[in-house]
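Heads up, there are several structures right after this.
Here come two complexes built around chain A, the first alongside chain B, the second alongside chain C.
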Partner chain A sequence: MIVLAIDALEYTLVEEFNCTNLKQKFYGKTNITEFSQPRTMVLWSSFMTGKNMEKEILAKGDKEMWNTRIELKDTFFSRFADPKIIDLPGFNYLKEQHEQERMLLKNYFDAQNIDEKNKIRTEYNNLAFEHHRKVKKEFTETLNSKHDFVLGYFSVADVVGHLNFGNRIMMKMIYKDLDEIAGTIKDSFIVLSDHGMEKVGIFGDHSNYGFWSTDFEDIGSPKITDFARIIKY
Partner chain B sequence: MTDENLKFVIVGHVDHGKSTLIGRLLFDTNSLPEGKIEEIKQLCESLGKDIEFGYIMDHLEEERDQGITIDTAQTFFSTEKRDYVIIDAPGHVEFVKNMISGASQAEAAVLIVDAEEGVKEQTKRHAYILGMLGLSQVIVVINKMDLVDFDRERFEAVNSDLMEFLININIKPSYVIPISAKNGDFIASKTATMDWYDGPTVLEALDAFRTKENANKKPMRFVVQDVYSFDKRIIAGRVESGIIRKGDMIKVLPTGEKTRVKSVEEYLRNVTEAEAGKSVGITTEDKLFIDRGNVIVSDGDMPAVTNRIKANVFWMDRTPFKKGESLHFRCATQEVNCEIEKISRVINSSTLELINEDANEINNREVASIIIKTDKPVVVENFNKMEELGRFVLGREDTCAGGIITELE
Partner chain C sequence: MSKEYGDIKVSKEIIKKIEERIKDTEFKSVDEYVTFVLEEVIRDEEEPEEVFSEEDEKKVKERLRALGYLD
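And now, the complex of A and B:
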């Protein structure tokens, strides 16, 4: 089983850009209304444990929540003999990378003039794209390995989207690249996002639903916690 | 460079590389805004890819959405010989509508086929429409040759498959060119990738085409859009062909009444004549009853005034036409109700298979030879003689078919 976990993959853009590989045979929106806000760490933690982790994650506070590391035995990944998880928040994501992204995002909004903002935006985008290329390479290589469960987490649509969601060409190119990645997967797979994204001027903010697709079953409007049950081993 | 430009359309299957070809044509002729190509190139590199020219079209569409580009459906580039206008044809319905309405008349067409995928149903349907609309200047480009290792045999196989279809619909392409729009092979320049091909590049082939016969040289047709009564009575309309001049003896159709042009009126300009393509007003020496939909012609020249028309139509509505249904018939500014009296033949536009003779219905994407009966006389002409009054659309609330007049009764 393979899971293409894409942060902030927006349902309406998958449709608009006609990403046929991401859509597969069955696709739709996830129901995340049980959560007070669409928070990345809360949603992925709930996904892997199969239970609503909002209270537990929020109790850690805004800063500490990003250090969450759920153990393998507490996730549904443990049902598999040889799972491979790439860069998933709440499990094993590259903390420094994401810290640097968050810092640049803060610097961008703190910056006082447009030149400074543009410079930070370029640095921020470059950082996100560089990381995306690394994850893509690792994921592609892993597809040829013998793991019985592979999950690749791609943050580019979320990270770049926060500062550039109004840049349609940039978002289309990212979505088409993600679609190409999905097109390289030969086995059965699930595409899942924690939440989508909505346009706020040139910026992007999390929307109140996620995206799912499979090639084997129409699962309607699932909760993110349902996937621990849906994904068979 | 001449002052004439050539309008052409790129048609073919949706995934066969239209956007990439347009992007490449604009890039190779330096027709892109400064900085934009660098931005797209940089983004592609960020994703670990070579530049994808198809995104240039996205950029142009975005500018249109934001109102930066005034024209909503046309893209421009130039060669040393002349200027070119690429007419956007996102789908065959839009294409037929534009061609029939005269909003964006193509003088030539590029039919694009993917070398790897070969001829698809949509390729044939678009080719059929080109034939039906009388477009005789056609270039076929076999694209994505890079995906088939620039293989001559594959090119010949796709070419032969396509020609078999085109011969049956009387389209003889002026050129068949193997290209890679992505790499730029044989678009603006010849490359070493296909040394077995010794024909022209796409730009050279386009440069060899003729621009349309100057509409000023055709008989005068002035279609009336409205009549305004100020201190004088102004008949507003568009000169579809020929030149209308002060002092000309004219005839108003369908009534056939005659009078003389007293003045030609153009806003803020003092003129005595107006040429084809101009929207102007005229006043007449006699006060005749003239209304929207009337056609003014030179005295002594007579298009048909009839209520029975033989035509070929391309049905492009999901709801089929069933005999007995009343439709709107629109030709230039004329709009009347009509019935389809006879459906002589219905054929599949992509396979050319005869579906039915003396039929009772026409379905989506089918082409039919029909006889139309209008409830009032209309002024029309054979499409081959005078395109401007030889094409029409049929509609319910929206347009559901486009057609050309083949014979007048």
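And now, the complex of A and C:
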């Protein structure tokens, strides 16, 4: 089983850009209304444990929340003999990368003039794209391995989207790339996002639903915690 | 029916920049990237591209703080 975990993959853009590989045979929106806010760390932690983790994650505070590391034995990944998880928040993501992204995000909002903001945004985007290429390479190589469960987490649509969601060309380029990645998967797979994204001028904010797709079952409007049960081993 | 194609002249400097930009992406050629961008630009004549606004920035900054991205 393979999971293409895409942060902030937006249902309406998958439709609009007609990303046929991401849509597969069955696709829809997830129901995340049980959560007070569509927070990335809360949602992925809830996905892997199969239970609502909002209370536990929020108790850590905004800063410590990003250091969450759930043990394999507490996730549904442990049902598999040889799982491979790539860069997933709450499990094993590259902390330094995401800290650097958040630092540049802060610098962007702190910058006093538009030229400085544009310069920081370019640096921020480049950092995200460079990381995306590394994850893509690792994921592609892992697809040829013998792991019985592979999950690749891609953050580019979320990271770049926050400062560029109103830039249609850039977002289409990202969706095209993600669609091509889905197109390289030969086995059965699930596409899942934690939440989507909605436009606020040039910027992007989290939307209150996620995206899912499969080639084997119409699962309606699942909760993110349902996937621990849906994904069979 | 197959599409017909024409030629467009673009400076080598721009071609070089595009080659750099599409490196490691799924764009297989400069032609493919240029076609992609031009399709979007033509489309944007009907739907103008978003521009920076301080009001939007303030709104997003508050939301990102609520979501834990900013201190």
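To be clear about the criterion, the second predicted complex is superposed on the first by the 233 of 233 C-alpha atoms of A that agree within 3 Å, B and C clash if a C-alpha of one lies under 4 Å from a C-alpha of the other, contacts with A are read in each partner's own complex, and residues count from 1 in each chain.
Note that in this section a residue touches a chain if its C-beta (ideal position, glycine included) is under 8 Å from a C-beta of that chain, and two chains touch if they have at least 3 such contacts.
If you're wondering where the values come from, they're calculated on a predicted model, not measured in any experiment.
A.B. asks: Could you check whether chain B and chain C clash or fit when both are placed on chain A?
C.D. replies: The answer is clash.
A.B. asks: Please work out whether A:M173 is in contact with chain B alone, chain C alone, both, or neither, and reply first, second, both or neither.
C.D. replies: It touches chain B and chain C both.
A.B. asks: Using the superposition described at the top, determine whether chain B or chain C touches more residues of chain A.
C.D. replies: Residues of chain A touched, chain B against chain C: more for C.
A.B. asks: Is A:N125 contacted by the first partner chain B, the second partner chain C, both or neither?
C.D. replies: The first partner, chain B, only.
A.B. asks: Once the structures are superposed on A, label A:E96 by its partner contacts, choosing first (chain B), second (chain C), both or neither.
C.D. replies: The answer is neither, since A:E96 touches no partner chain.
A.B. asks: Go through the superposed model and pick first if A:R133 touches only chain B, second if only chain C, both, or neither.
C.D. replies: both
A.B. asks: Now for A:D187: first (chain B), second (chain C), both, or neither, which partner does it touch?
C.D. replies: The answer is neither, since A:D187 touches no partner chain.
A.B. asks: Counting contacts the way the document defines them, which residues of chain A are shared by the two interfaces, the one with chain B and the one with chain C?
C.D. replies: In the superposed arrangement, which is not itself an observed complex, chain A uses residues 133, 168-169, 172-173, 177 for both chain B and chain C.
A.B. asks: Show which residues of chain B lie in contact with chain A when the two form their complex.
C.D. replies: 40, 43-44, 46-49, 52, 55, 58-59, 62
A.B. asks: Which chain C residues qualify as touching chain A in the complex?
C.D. replies: 24-26, 36-37, 40-41, 43-44, 47, 49-53, 55-57, 59-61, 63-64, 66-71
A.B. asks: For the complex, give me every residue of chain A touching chain B.
C.D. replies: 125-126, 129, 132-133, 136, 168-170, 172-174, 177
A.B. asks: Could you list, by residue number, the parts of chain A that touch chain C in their complex?
C.D. replies: 37-41, 62-63, 65-66, 102, 105-106, 109, 114, 117, 133, 162, 166-169, 172-173, 176-177, 180, 199-206
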